[in-house]
Amino acid sequence: MTATDTDLAAKGRARIAWIRSRMPLLAQARAAFAATQPFAGHRIGMSLHLEPKTAVLLETLAAGGAEIIATGNFGSTQDDTVAALREAGMTVFGSRADTLEQHAGNIRAVLDGAPDILLDNGADLAAGIVERGTQASIIGGTEETTSGADRLRGELARTVSFPIVVINDSRLKAIGENRHAVGQSIVESFMRITNLMVPGRHVVVVGYGWCGRGIAQYFRSLGAQVGVVELDVMKAFEAALDGFRVASLTELAGWADVLITATGRERVVAGDVFDLLRDDVVLGNSGHFPWEIDVATLRADASSIDQVDDGIERIHRPNGRSVVLLAGGRMFNLAGREPKGNSLESMDLGFLLQALSLERIATDAGGLFPGAQPVPDDIERFIAARFVEAMGAAR
Amino acid sequence: MTATDTDLAAKGRARIAWIRSRMPLLAQARAAFAATQPFAGHRIGMSLHLEPKTAVLLETLAAGGAEIIATGNFGSTQDDTVAALREAGMTVFGSRADTLEQHAGNIRAVLDGAPDILLDNGADLAAGIVERGTQASIIGGTEETTSGADRLRGELARTVSFPIVVINDSRLKAIGENRHAVGQSIVESFMRITNLMVPGRHVVVVGYGWCGRGIAQYFRSLGAQVGVVELDVMKAFEAALDGFRVASLTELAGWADVLITATGRERVVAGDVFDLLRDDVVLGNSGHFPWEIDVATLRADASSIDQVDDGIERIHRPNGRSVVLLAGGRMFNLAGREPKGNSLESMDLGFLLQALSLERIATDAGGLFPGAQPVPDDIERFIAARFVEAMGAAR
Amino acid sequence: MTATDTDLAAKGRARIAWIRSRMPLLAQARAAFAATQPFAGHRIGMSLHLEPKTAVLLETLAAGGAEIIATGNFGSTQDDTVAALREAGMTVFGSRADTLEQHAGNIRAVLDGAPDILLDNGADLAAGIVERGTQASIIGGTEETTSGADRLRGELARTVSFPIVVINDSRLKAIGENRHAVGQSIVESFMRITNLMVPGRHVVVVGYGWCGRGIAQYFRSLGAQVGVVELDVMKAFEAALDGFRVASLTELAGWADVLITATGRERVVAGDVFDLLRDDVVLGNSGHFPWEIDVATLRADASSIDQVDDGIERIHRPNGRSVVLLAGGRMFNLAGREPKGNSLESMDLGFLLQALSLERIATDAGGLFPGAQPVPDDIERFIAARFVEAMGAAR
Amino acid sequence: MTATDTDLAAKGRARIAWIRSRMPLLAQARAAFAATQPFAGHRIGMSLHLEPKTAVLLETLAAGGAEIIATGNFGSTQDDTVAALREAGMTVFGSRADTLEQHAGNIRAVLDGAPDILLDNGADLAAGIVERGTQASIIGGTEETTSGADRLRGELARTVSFPIVVINDSRLKAIGENRHAVGQSIVESFMRITNLMVPGRHVVVVGYGWCGRGIAQYFRSLGAQVGVVELDVMKAFEAALDGFRVASLTELAGWADVLITATGRERVVAGDVFDLLRDDVVLGNSGHFPWEIDVATLRADASSIDQVDDGIERIHRPNGRSVVLLAGGRMFNLAGREPKGNSLESMDLGFLLQALSLERIATDAGGLFPGAQPVPDDIERFIAARFVEAMGAAR
């Protein structure tokens, strides 16, 4: 290990230490796993963002006897976290600077390590296993994302013979993460990035799913006047009774000071809508994919573009008005300098879903059915109870 | 018709006129039915509360060509409404003063009138049909309540050969009525009956279902500090993230200034809990059945009881403390002088669910399956859209 | 005493007992006064609404050794309260049925009783004393209202030689009563009288003083969208930052589903404004005087008027639209059947201000200056502390 | 000018451009001043934070014909802003790296430039003028802070012969900045720095002045349970009616997950209070001075201290528990990487108070009296109206 690696590892350890100290649910699991060793003799192959919160999950699995072979997502790997994990004896591939080709190599390297349990993201590992035809070597795994679940239920449905628990289908996650943590994170990031006042502002939220609901509620509670655009009439009904101004995007576009997409759909803010916007409206997207705002067209049509601050650009439109675009249309709660992302507690919740689902795979894979499936109900209920306790809700 | 009947009818008509004027969804249906006459040639037998809001539903069905034979629930029939309906040409049995025996006779009288469509409540009419063995005469119907649905899915499941749409299963009702309208009605009734200050008060809501959620939210929004008791950990998790103090009834009983049950279960506030309560705590129930607070024991053990105001009694306990009981443990949003019940808009919503489900029965019973079933999805969505429009949510 | 009087007194006693039991601050004062007898040898002449809450104040003064000679306001005297007070040994003049002439006689009768301390309302007693030229017989008093204070500082300023503490100038009252209690009372009365849904409704509050602020806040917290009309730019600024839609009445008149006046000024909703209103808008006034909505013109111009329910009339306008007027333009939180008025706790607060100010008069009138003056600061602070304790705010 | 200066200036210009574009009130003033040239022939000497928002104020004064001689506060000068201002032709002294001695020299240099109007901060310039005995050369000025106002009304009261308008006494600032902007900034900074979840957390706010009120309200609106500690009973009364849990610090210390000081007083959280805190409580200060939390004692007593993240340290106490301290006890809304401080709109408001007060000095100093005084009422009202317009509150 070089001096630089040692320094990096030290920096990584310090950041991980703080985060670990505020993840009480994983701490409980770590203590339990240390006693029961559910992963003894198992090797977990992982593909997930390599950042300090993930490190606390990996430590927890390792405490339960797991051997870890891990890589990250493309572009989000944090080198100090990697150094700290390697120092702790895990096999970790990847660095922030990796090319797409190197990233593909990392995925292969994880599979070459012959894991028998997968902690997957986007079904990358599962697809690799299917390609190799080595399904029999896997007893099961977890999948973090909805898009991975879609692949598992689509193209991979027939060929995946082992159980995969889909973490993102969890109702706990819908409430704890999508609604509350994303709502908090979006309103925090709006204030952090723009430095604009919230009370009295007209904020239009497009989409009233779990995320949109949280965003609308958090903005209103800080004093904004909030409009909601929602095509599904049942959700629109709910939004109207929740007291929001509910109308079409055409009706609300010219009323908005701030417009935030949370639909998951492509090109929601596009075409004629741009011409309806007020001068200097702030546009941001909270959805996973960067396609809800048609940024390409905005830029192509621009008379000029100012990069005004980290995560903010002002695009001057041919009609003489401008648009203030956050994070280039990507999730703006991950934009700006040092964004923190979802709250530590919500990540603690999400990662305990991972840890206990993996424990179930390791100890009782036979009790699950092959293919994608929700988190077992008893695990959801167990975690709900632990979370309420950890919040000290009874005090 | 006697002079008294004419007077009563006039009084009934005046009250109905106001309510009708604030039920825009039924007005739309009335206009549509007048043109399409979906009930022409049909006779609807009804058993439902006979009060002015129901009258607007009946008028709407009559406008669609239905012949109406109706009776009310035991004890809630309003004589001026009956007079007005009779004057309008409907066959109506029952009066406020009816005995239980007379009420049973009214149900029989409705069935003797040979309806082919039922608008039922508690499955009273359906059970009568099964008893008579005249199922073949009925093309279908609706059931208002959950307890009626339970009978239809239980003891009557095998013998009911016609489709029954269960209104109370509707998601629109869950949100529009159980959450919002009951929440509003409970907080209004608390203020109306007790004349006590809400801000700063410690209010404990037992049960975090649709109703409990609304009650907790409405009290908090008026400045109360709100605790929630909920046995289901998934709902308790939601309550904790919604920011409520979540604990067991044992822990919260001594903290409460006001304690409201919304569980649907028997004897929730009973036994040892009584000894934990603070002096002069206000106890009220919002659930359908008057069994959530063990009033019988409270009264039996009382050292004395003061009837302090309409809908309020103070029960002095052997431990030297007292309890202020609302409405004798019955739903207190129907207590006190001239309670109004759920908002007109929410009743408009619920009754449009009735009207359109009955229309479906009359025009396309073959498209439904036998037995209890939810409101057809297209009807829910149609009403959701109309409701949002009628709220003028887009303004 | 006749049998009827005894019955009336019994009814009065029962209602007073409940109210007394929920006025803990006056209970503390009663206990203290019983020991210290601050009013021993004094006769208090009172002119104030004779209803059960006032009775608890009078008892408290009597417990401190005061002899009471009392009458009520014109038209609001409750006969059972009078009966109960007489039974308790007080001299009380007046009944609900009194004519204006009889009322004037009651005021004279109070003064004929030769009180040395006044508990005044509208400066009626003070004006009588000045007229008689018997100022020297009075050591001081209190005045409940702002309009009484205006007289004391205006026409009576030169001739009132004794100190008068003006209760309504209290900052505690501004917050505890005008903002919170009136806000609660107005939103409760709106729901109670109209039975309309609050969430999603467009409510316009005209006037953003203490009352308007409370009304706007309470409606919004129940889910209404709230607009504010305020001519004073400093208050309009505050309303805008508080997140309300702030605009002129002309701009908001057509947006309102409900419009409530809280300005204290005459003819605020009048003239051309009527033509801007949407069909069937609900109009109500919360201000002390019934002149904020120009009801006379509304009625004079009406094509027809329906009395639709207690406290509600629908006025059909020549433009084909209608207006739903609450309480004929009088304070609608005192309208409908059995309105309760401000919360018991807020009345407890206001009456303790009375009781302790009168005690100060009785024991240290020399420490005050002649004429109208605010409640002594130490009394305000003492009561604030007691109120916070009584709320159990520390729990 | 060196190449580096040019680069710095370019960076400064870009940041200033964005901020300028979101300060519409100063833009209006700039346009007006350009036409009326109120500062023609005047030289304004300034001592205020040299950062991009201030730059927009200085540009505005320059547009009105002012010659500017400026320096910053100790330690907060941003070099790119300085470079941009110099490029724009202003005389600016100071850099981030300045020692205290150099800072004193900068103040002297501003005075050596012979300004006739002062834009002062902490009364540094006024004190220098008094020391030099050159009061006659000054026609008047403004003072930004309360601590400066205290000096002007204290030690400098007799010797300051020219009018000084104290900006911080403004009621607009109290509402727009202290309550709303600080409340927003504190809640944003808490989330940004700690990455902790807000809903359900127990947050104790010590002090219920303008700032504390905003902080309490913003945390509660995001779902926290909020307790308030306030020694002034009148404010405690208000907090209790606003629905907060009000108790002593001794009572609430052990309940808090997060404890924030906003009192302005020294050593509020100190001594025995530390022993009452729960393990790992988060402590932060929002008051101007870093003395509310007794950090020196905390550190002196610590068994060890971890620097866990930017703006966060964990202090391990002898009792085995730890404390998470934000920003070392300094205002934590200015801590962490790239804190943004109060919202652009609130700074626009505060700086328009500066600009119009300085205009009044330049054009009508005779209409003011000597010494410290509030912002003229007509200026407050003018700005209130402009702010409401700029918010587009009427839409």
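In this document, chain identifiers A, B, C and D correspond to the written order of the chains, with residue numbering beginning at 1 in each.
Heads up, the rule we're going with is that a residue touches a chain if its C-beta (ideal position, glycine included) is under 8 Å from a C-beta of that chain, and two chains touch if they have at least 3 such contacts.
Everything quoted here is computed from the prediction, not taken from an experiment.
Comparing the CA-atom centres of all chains against that of chain D, the greatest distance is found for B. Of the two interfaces, A-B and B-D, the higher number of touching C-beta pairs belongs to A-B. Chain B and chain D, compared by their mean Cα positions, are separated by 56 Å.
Here the spacing of chain A and chain B, counted between their Cα centres, is 42 Å. Chain contacts: chain D has residues 180, 199-200, 223, 240-241, 245, 391, 393, 395 touching two or more partner chains. Taken together, the chain B residues at the contact with chain C in this complex read 14-15, 17-18, 21-22, 180-181, 184-185, 187-188, 191-192, 195-202, 218, 221-223, 255, 257, 280, 306-310, 312, 314, 337-338, 340-341, 343-346, 391-393, 395.
Interface residues of chain D facing chain C in the complex, by the touch rule stated above, are 171-172, 175-176, 179-180, 233-234, 236-241, 244-248, 251, 380-381, 384-385, 387-388, 391, 393-395. Across the complex, chain B meets chain D through its residues 199-200, 223-225, 240-243, 245.
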